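Presented sequentially are two complexes of subunit A, the first with subunit B as partner and the second with subunit C.
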Partner chain A sequence: MVETDWTQVSYDEGRQTLKKWRECGVRRSEEVVEIWEHVISRSPSSLGDEEWAVVEQVCIASLDSARVDLAQECIDLLHNQFPHSNRVLKLKAMQLEATEHYQKALEIYERLVEEDPNNNSYRKRKVAVLLAQGKRLDAIRAINDYLKIFLNDPEAWLQLSELFLLENDVPKAVHCLEECVLIQPLNSMYFRRLADLRYTQGGADNVELARAYYERALKINPTDLRSQYGILLSNNQIAASTKNATEKKRAGLAAVDAIDNLVNRYQKISPKSNPESDGILNCLEAMKVTIGSK
Partner chain B sequence: MTDLLLDPAIRTWVFLPIVVITFFIGILRHYVSLLLMNKKKVELENIADGQYLLRARLLRENGRFLPKTSFNARRQYLCAEETGYLSRAQQRPAKGPNPMDPSQMTEMLKGNMMNMIPMIVVGGWINWTFSGFVTTRVPFPLTLKFKAMLQRGVDLVSLDSAWVSSASWYFLCMFGLRSIYTLVLGSENAADQSKAMEDQMSMTGSAVNPQADPRAAFKGEWEALQMIQHQFAL
Partner chain C sequence: MASTIYRLITIVSLLSLIHCAYSAAQHRFYLRLTEQPFVSLPADVVAQTVISLVALIYGTSFLANPFQYIKKDQHHDRTCDEALNCPSFITFDNRAKAMSPEFAMLRTLKQQQRLRQNSSRSTHSGRVSEAIHSSESTDSQE
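On to the complex of A and B.
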């Protein structure tokens, strides 16, 4: 794959790329800043109405890539255009966050929430501040409050599950991921993570569930290598622990199948791009022999 | 039949003025409605209600991906006798928009005035000023049935029905300018009368407004969730 030099793209291409990233929520902050500084900022006014959306995007991107100077420029631009906008105020608070003035940022968010209680982005920023300060328990509490109202927000549930995992509370993390699955049943990542957690929990039932979820994840996204490994491991576990002879045999065969698929995947890619693939292949072959011998 | 020849003065003093007047009245309508309408405030509780309803539906549809215990826990959370959100929401006193509430009344009045006054005043005025002109013709032949639509104010039996009278031209402009308003004012504009009329029709037609009575919606979801048999899909 050829890396594009984002400082050299044409004006129109830069504009299209920014638009695409803005709409899909792609986080490529440094590239966004590059496009802005080398291409778009030559004549921002020719963007027309799009200009302000682009400036907002660049502002957030520059905060993300620690370019507080550029962010200040963007905020000034936006402030001149929309002097009383809450959205600009939010950017200011985000700048305070980036410069570690958490308390001030939090105060602004509190005020924004009070003014417009229906806008969930301010509440989410509040949680982000708590996370940045490392106050995990407070963050958990804040997300819980948030989810009492906006309870169909998979982002928040995912964040909450990660926080619970950091607190080593696997059952609660499972609950959160199950919510994610309910909300977006076609996202293979949720299924995979749920399977990971079920496998971690252990016990015959949970490993079976894990296997089902891994299979589902692989069905949705056939290129998901991690799910393939998950199928291998959970089948291996089931084959080792179950008393039922037919079940044992079936799980063993499925594990061997999974190994074959994995070997296939590794043989397709050249050893150059992944120097470890030879080692992994040897390891898989050895595992296949041990499973086959049982 | 010899073709009808229209005075060029009709084009300058009737045909074009009607287009321009209709257009600017639309623009005026847009800005006046911006001035008068205050944004509808959505209560936080309404948002939560909507979210819970959506959640109950999602649970019904996608609950098959969860193991039975997880599914039952969630169902219990939503439907439990005393504590479930859906059950509690059913017992809430009905609020709904109260028709006697003065603020609601002014709101409704404003909406109606915005629709009716331009309709009556401008329509009447156009009818009075420009009545009786044959302004233009559509470039294709039409059947006699269209005479009533296109030749309002000109009752001539022998006139071909492709000709359009001034009053009908006003109506055609009124309904046909929608895309031009979208071009000029953006998609969320209030200039278009035909849209406002559609709104009114649908208001009288079906009263299924999500905010009208959340209790009925909650009851429906509650029943559906009680009925459902859980079956693990994987």
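On to the complex of A and C.
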């Protein structure tokens, strides 16, 4: 894959890229700052309606890449445009967070929550303040309180599951991801993650559940390579551990099928785009022989 | 090949549909010549139209790309970084801070403050100034 030099892209391309990143929520702060400084800031007003959303995005990105000067610039721009906006106030509080004035930031968030109790982003920032201070258990408690009010927020459930994983509490993390799956049943990423966790937990029942989740993820997203690997591994595990002869045979056949699918996928890509593909292919063929001989 | 059969069905039904249109036009032409009022098309033309239409739909549905599962991930090309990222819980403690000159300056300032505070404590320069310093230090540590 060729690395793009984000300082050299055209204005329109930079704008499209920023829009894409803003919508899918990917964290590429340094690139965002680069695009803004070298490309977009030449004429921000030609963005039209998008301008202020882009400035907000750049503000958060610059805080993330420790560019306090640029963040201040963005906040000033936004403040001149929207003098009494709570959203700008939130950015100011985030700037305070970045400069480690957590108490002051927390005070602003408290006030914002009081003013607008229905807006969940301020409450989420309060949790983030705890996270930044490293108070993980307090953060878990705070997210739990938050989820009592906003039950259908997959992002919060996901964050909670990550926190439980950091505490090595896999069963609770699994429960949180199950909530995510309930909220967005067509997101293959949640199924895959859930399957990863089940596989990590181990044990015959959990591996079987992992296989089911991987299969589901592959069904709603046929291009998912990791799920294919997951199916292979969990089938292999089941074939090795189960006592039931027919079950053993079926799992073995399914594992061989998964290898065949994987080989098909790797044969389609050229060695130029992925120099490792030949080695992986050889490895898969060898694995097929050992599994098939059992 | 299965696809040849479906292609054949499609072509034949398409031709038959065109034939239907032609025979309907012929029928109208015949009625006009014999000066009869138009009531409806003959049953055989209607039947041929319906049958060839159904056959055409059947054939083309197999000729187009293979069927896809209805319940499908809309964002199937998104990566782990995008799907498992929580942007509203973002925290700013990362290595960018360690590399930025501004934060290095802040750190040295804080260190100096702490040193000064320690020295003022050791000299016992008075309770009031100590109280002020300690309140400052709690602020900066937070």
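The rule is simple: the second predicted complex is superposed on the first by the 238 of 294 C-alpha atoms of A that agree within 3 Å, B and C clash if a C-alpha of one lies under 4 Å from a C-alpha of the other, contacts with A are read in each partner's own complex, and residues count from 1 in each chain.
FYI, contacts are C-beta pairs under 8 Å (C-beta built on N, C-alpha and C of every residue); 3 or more make two chains touch, one makes a residue touch a chain.
Since this is a predicted model, take the numbers as computed values, not measurements.
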Touching partner for A:245 - first (subunit B), second (subunit C), both, neither: neither
Subunit B versus subunit C as contact partner of A:181, first or second or both or neither: first
Partner chain in contact with A:149 - subunit B first, subunit C second, else both or neither: first
Greater subunit A contact set [subunit C / subunit B]: C
Partner chain in contact with A:118 - subunit B first, subunit C second, else both or neither: first
Partner chain(s) touched by A:213 [first = subunit B, second = subunit C, both, neither]: first
Touched partner set for A:30, first subunit B, second subunit C, both or neither: second
Common interface positions of subunit A, toward subunit B and toward subunit C: 185
Contact footprint of subunit A on subunit C as seen in their complex: 69, 71-94, 96-97, 99-100, 102-103, 106, 139, 142
Residue numbers on subunit A that touch subunit B, as the complex places them: 117-118, 148-152, 175, 178, 181-183, 185, 191, 209, 212-213, 215-216
In the complex, subunit A residues that touch subunit C: 24-27, 29-30, 60, 63-69, 94, 97-103, 121, 124-125, 127-128, 131-132, 155-156, 158-159, 162, 185-190, 193, 219-224
Residue numbers on subunit B that touch subunit A, as the complex places them: 42, 44, 47-48, 51-52, 54-55, 58-59, 62-63, 65-67, 70, 74, 234
